[in-house]
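Next, two complexes with chain A in common: one pairs it with chain B, the other with chain C.
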Partner chain A sequence: MKIFVCVKHVPDSAATIRIVEPNEIDETVTFLLNPYDENAVEAAVQLKSEDDDSEVIAVTVGKPAAADTLRSALAMGVDRGIHVITDHWPDSIVTARALKAAIVQDGDSGLILTGKATIDSEGFQTQFRLAAALDIPVATNVGAITRHDEGVIVTCGLEAGDEQVIRMAMPCVIGAAKTLNTPRYPTLPDIIKARKKAINEVEIESLGIESPDSQMEIVGLRPAVEARRKQIIDGPPREAVAELIRRLDEEVKIKLR
Partner chain B sequence: MNKKYDAIVIGAGVIGTPIAYELAQMGYKTLTVDKLPDAGMGSTAASCAIVRAHYSTEDGVAMAYEGFKYWLDWENYLGNVKDEKGLAKFMNTGSILIKSQGHDWRKVKKNYDAVGVTYEEWSVEKIKEMVPAYDLHEFWPVRRPEDPTFFDESTRMLEGAIFCPEGGYVNDPELSAHNIMRAAETRGSEFIFNVEVVAIRDNGERVTGITLKDGTEYDAPVVVNVAGPHSYKINRMAKGVWEGCNIKTKALRHEVMHCSSPEGYDYLNDGYHTSDGDIGCYYRPEVGNMFLIGSEDPECDPQEWVDPDDFYAGKGGLGRDNQLTEAQWKAQSYRCARRVPTMTIPNQPRGVVDLYDCSDDWIPIYDKSDLPGFYMAIGTSGNQYKNAPVVGAVMAELVDKCEKGLDHDQDPLQFKLRHIGHPIDVGFFSRKREINYNSSFSVNG
Partner chain C sequence: MKKIAILIETRQGKIKPPMPGIITAAQGSEHELVALVVDSDGAKYKDQLKNFGINKLIAIIFREPVDGSNPDSRARAIIRAMDHFEIHTLLALTSLQGKDLLPRVAARLDAPLVMDCLKVNLTESTVEKSQFSGKTIATFYVTGTHRIFGIRPNVIEPIPMPVQTEVIPFEYDGPDDGRYEVKELRRDTANGIDLSEADIIISGGRGMQNKANFQILHECARVMGAAVGASRVAVDAGWVPHSMQVGQTGTTVCPKLYIACGISGSVQHFAGMKTAGTIVSINTDPAAAMMQQCDYGIIGDLFEIVPILTRQLKSVNR
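Let's look at the complex of A and B:
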């Protein structure tokens, strides 16, 4: 079975993002494997360890520098990579079509994993568009996966802390949540091994993707400034902490006790 | 009327606070001023706070070994002062110096013998027994991961190591400066924070005081520049001082990395500080069972000299420009992982960035200046944290002797180290010296 993991090359969440007018960011900051995609990679590698006949393939759509992110996935245990090269930041419609074309070109997929979101655009769309384009089921915010007959049973986190258990036929698309697993980080020998693994480079134009009727375009970027409401609690530490707990408890409604 | 002091110290870091403390003990009424909100919050806070004795010169070894005695007896040094933040703790892990082509370890051994430093020689087998996680192949020369040969297998083995059981690190360098401040305050020292020095005043003959950004003036016949990465800016404010230095200082950007310890290895409790010239790294345990990985400045690494005001203003954000660069993150974590191959390397870089106040030959300047009354303890080049209490004692005596008529330029102060009794020629740290080519020109000192 082929397990595809869709990964994205995103700016480090710890980076100070500078906007380059009008609609780009300064790309000299560190870029890395989207953190939710790390959970998807880990899940794929774990599924493979239960099934010797499986192969895990990481797919990305991105600029040439995105090869680094594929190498990160390879170092975590992915077998090989497919890099759909583009000079632009495609929207989720084009990205989903490119992922579909690259996956179909590679062969029949058993399972497709993604992160539940990317930390740069946070569009929450690509996984659904990909499933729709392939006409297969999709579940997101997945915290547990078990193989079941010819399909999978997944547990999805809902708002308010509820969970939903879904049975899906395969192939299907699964959007990984942080709660799915703890991603393994590679050792240097893993990283060295990954340098020799194959990455198939595909120019996006060669995939013959149908141009969508309409497309999203980023016309401007603005920094998000969070307005903080600072409250200072004075007094001796013991009393100040008690007051802090009271406010968190009664005003913010966080149950600490 | 301006408020008057006997001495003003510019900079409340780990070098400035002990100078104030020692001067106060000699009866000087001192004022210490700092730009930041509290003691030790500048580059001191980001120090790896390594306490090791291996230096390339005998005096370097003697000073560092003297420093050990202070860290091992911290409460007494501080006069058993109470600090509401608690006391910094010396983590006496022991210190491994890997015998490699990256360190002149034979010279270190000779210096250890001359000074009387306690040490053991470890064979490769002994290192393996003490630290099973280390791969003891030789990887020299130090390379960068961009170089394809970086990943070549090695078939050569290291020679061994020199182990110094008294070495280690201080768990909270910022707190250590704060502790010294509290001790100095018990002797009448005053500290003012959130103030910026904009002028050093003089009367044509000697220094007379400082002026702050808000216009406040403080007077003193003695001013000591301990401004860390800002040292050259302070020197330029004092008439003739910068020009009178044959050795100059400037600010160098430096990164240290955090990687998780291998599974099953309690590095935090069982690990050793290690200086590893073979891979151009030093590493020590850090909270969270992490490896803290510093660079020994191998020749293949680029150096980034910056304006400290730009750096601390932050690059497009608030606070210091504390973002690791991807290339250096990989270089340092991959190098360390050659020695510790089971160490895991996260996809997201983690670590600390700050500045060294670096001199032309990476040896500090502990000296008077061409402006009478103006002194400096600068150019600490990332390797003087461990010496801080010793520097406090040396500088206080230098100030006192010079103010009482010593011509330090002609007849350099000979300082007898209090604990180990070894004499130090303070002229070694002169601003007038020629570049010292015996220096390692690196953090190794």
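Let's look at the complex of A and C:
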């Protein structure tokens, strides 16, 4: 069975994001494998360890630098990579179409794993668009996966700690949550071995993707600034708390009592 | 008349508190407001919805054997209703439910979708949303036959607009393809409200020291009607479950009031709560980032300050 893992090359969450014209960010900062995708990679590698006939293939859509992220996935135990090369970061409609085309070109998929979200664009939708494009079921926020006959049983986190247990037919798409597993740290030999693994480079233009009728275009980008009052309330604890309650009520109209 | 629909989320027989704000985002003189209620008895929300300008309430009813708790079936039913009533614009909450539902609808319709919007301008078809862990705000311009927007809870102040509301039942009887099936629903009875929707949150970090000490926050939360959150440190230490984690790899929250107790304030934590209306920090360390970036700070021991807060609120609320 082929297990595909869709991964994204994203700026480190600790990086300072600087905006450069036109509506793009300075990409000289550190990039890494999207944190939720790490859980998807880990799950794929674990599933492979239970089934010797499986092959795990990481797929990414992105600029040439995204190859580093594919190498990170390879170092975690993924067998090989597919890099759909673009000269810009496409929206999720185009990304899903490119992922689908690359996966279909490679062969029949048994399972497709990815992170439940990306920490750069925070669009929350590529996994669903990919599933719709392939006409297969999808589950998101998945905290547990077990193989079951011809399908999988997954546990999805709902609001306020509730959970739904879902049975999906395969092939299907799974959006990994942080709670799914603890991603392994590759060892130095793993990293060296990953350098020799194959990455198939595919130009996005060669995939024959139809341009979509709908678009989500970024027409403005600015730094987020929240002006805070920065008031330190001094005094003995009892008086400071009373003063806090008073200021919340009078200055920001929050009545705690 | 053109219609704009709002997908209504309910919990325990009431529309969720952030819903009126979402309806307000859709108000306008050029179109009708339609509420889509995907609940067994949608009509009962009429009295709450008529106060915010909802002209039509479409109560989607699931007929056997369709499972109304199945997000895949719910998405199909919503699409069917949008098609039937000629709805091309849909607004909803970016809750966990919304995150499992709106992208299903958008993906099937091949429609543009922007999640977690902070501002919406339906006339110009532009929305604002945060990206890169809350470090930037992007303005999106969307085009297409349909458009779907998920809005962050509590960012839009509700404005009452009383109208007459007509209730229209709409039956959905499938077919579902059976490839996505809900086997079981496990309720976590310990939590009343999801962090992402709470309007007051009190959170604990490294300063909490252990699992048992979170009781102090729960007691204070009860008095304030707040939800309890935590930083990653507290989750990684095993003091509280991951569902309580606020931040980058946890939940993004946008309460009116966020009280950070013993939380130093990492970039990743701010990513999850920086759009809170008012931030209060309680910490022994005046140099903590949370102290530098809060509205009100009390430099002190949370084990002393929080119980005082609880007591002072109790004595007045009683």
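The criterion applied here is as follows: the second predicted complex is superposed on the first by the 224 of 257 C-alpha atoms of A that agree within 3 Å, B and C clash if a C-alpha of one lies under 4 Å from a C-alpha of the other, contacts with A are read in each partner's own complex, and residues count from 1 in each chain.
Definition applied: a residue touches a chain if its C-beta (ideal position, glycine included) is under 8 Å from a C-beta of that chain, and two chains touch if they have at least 3 such contacts.
These numbers come from a predicted model, not from an experiment.
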Partner chain(s) touched by A:Ile136 [first = chain B, second = chain C, both, neither]: second
When both partners are placed on the shared chain, which of chain B and chain C touches more of chain A: C
Touching partner for A:Ile166 - first (chain B), second (chain C), both, neither: second
Touching partner for A:Val219 - first (chain B), second (chain C), both, neither: second
Chain B versus chain C as contact partner of A:Glu38, first or second or both or neither: first
Shared chain A surface residues [contacts with chain B and with chain C]: 13-14, 16-17, 35
Residue ranges of chain B touching chain A (in the complex, touch as defined): 151, 260, 262, 314-317, 323-326, 329, 334, 337-338, 341-349
Complex contacts: residues of chain C adjacent to chain A: 69, 72, 94-97, 99-100, 103-104, 106-108, 110-116, 126, 129-147, 150, 178-188, 190-197, 200, 224, 241-243, 248-250, 256-257, 267-268, 271, 274-275, 277-280, 286, 291-300, 304-305, 308-309, 312-313, 316-317
List of chain A residues in touch with chain B within their complex: 12-18, 29-33, 35, 38, 72, 184-189, 191-192, 195
Residues of chain A that touch chain C when the two form their complex: 11, 13-14, 16-17, 19, 23, 25, 35-36, 93, 96, 119-125, 127-129, 131-133, 136-141, 153, 156-169, 172, 178-179, 212-224, 226, 228-234, 237-238, 240-242, 244-245, 247-248, 252, 254, 256-257
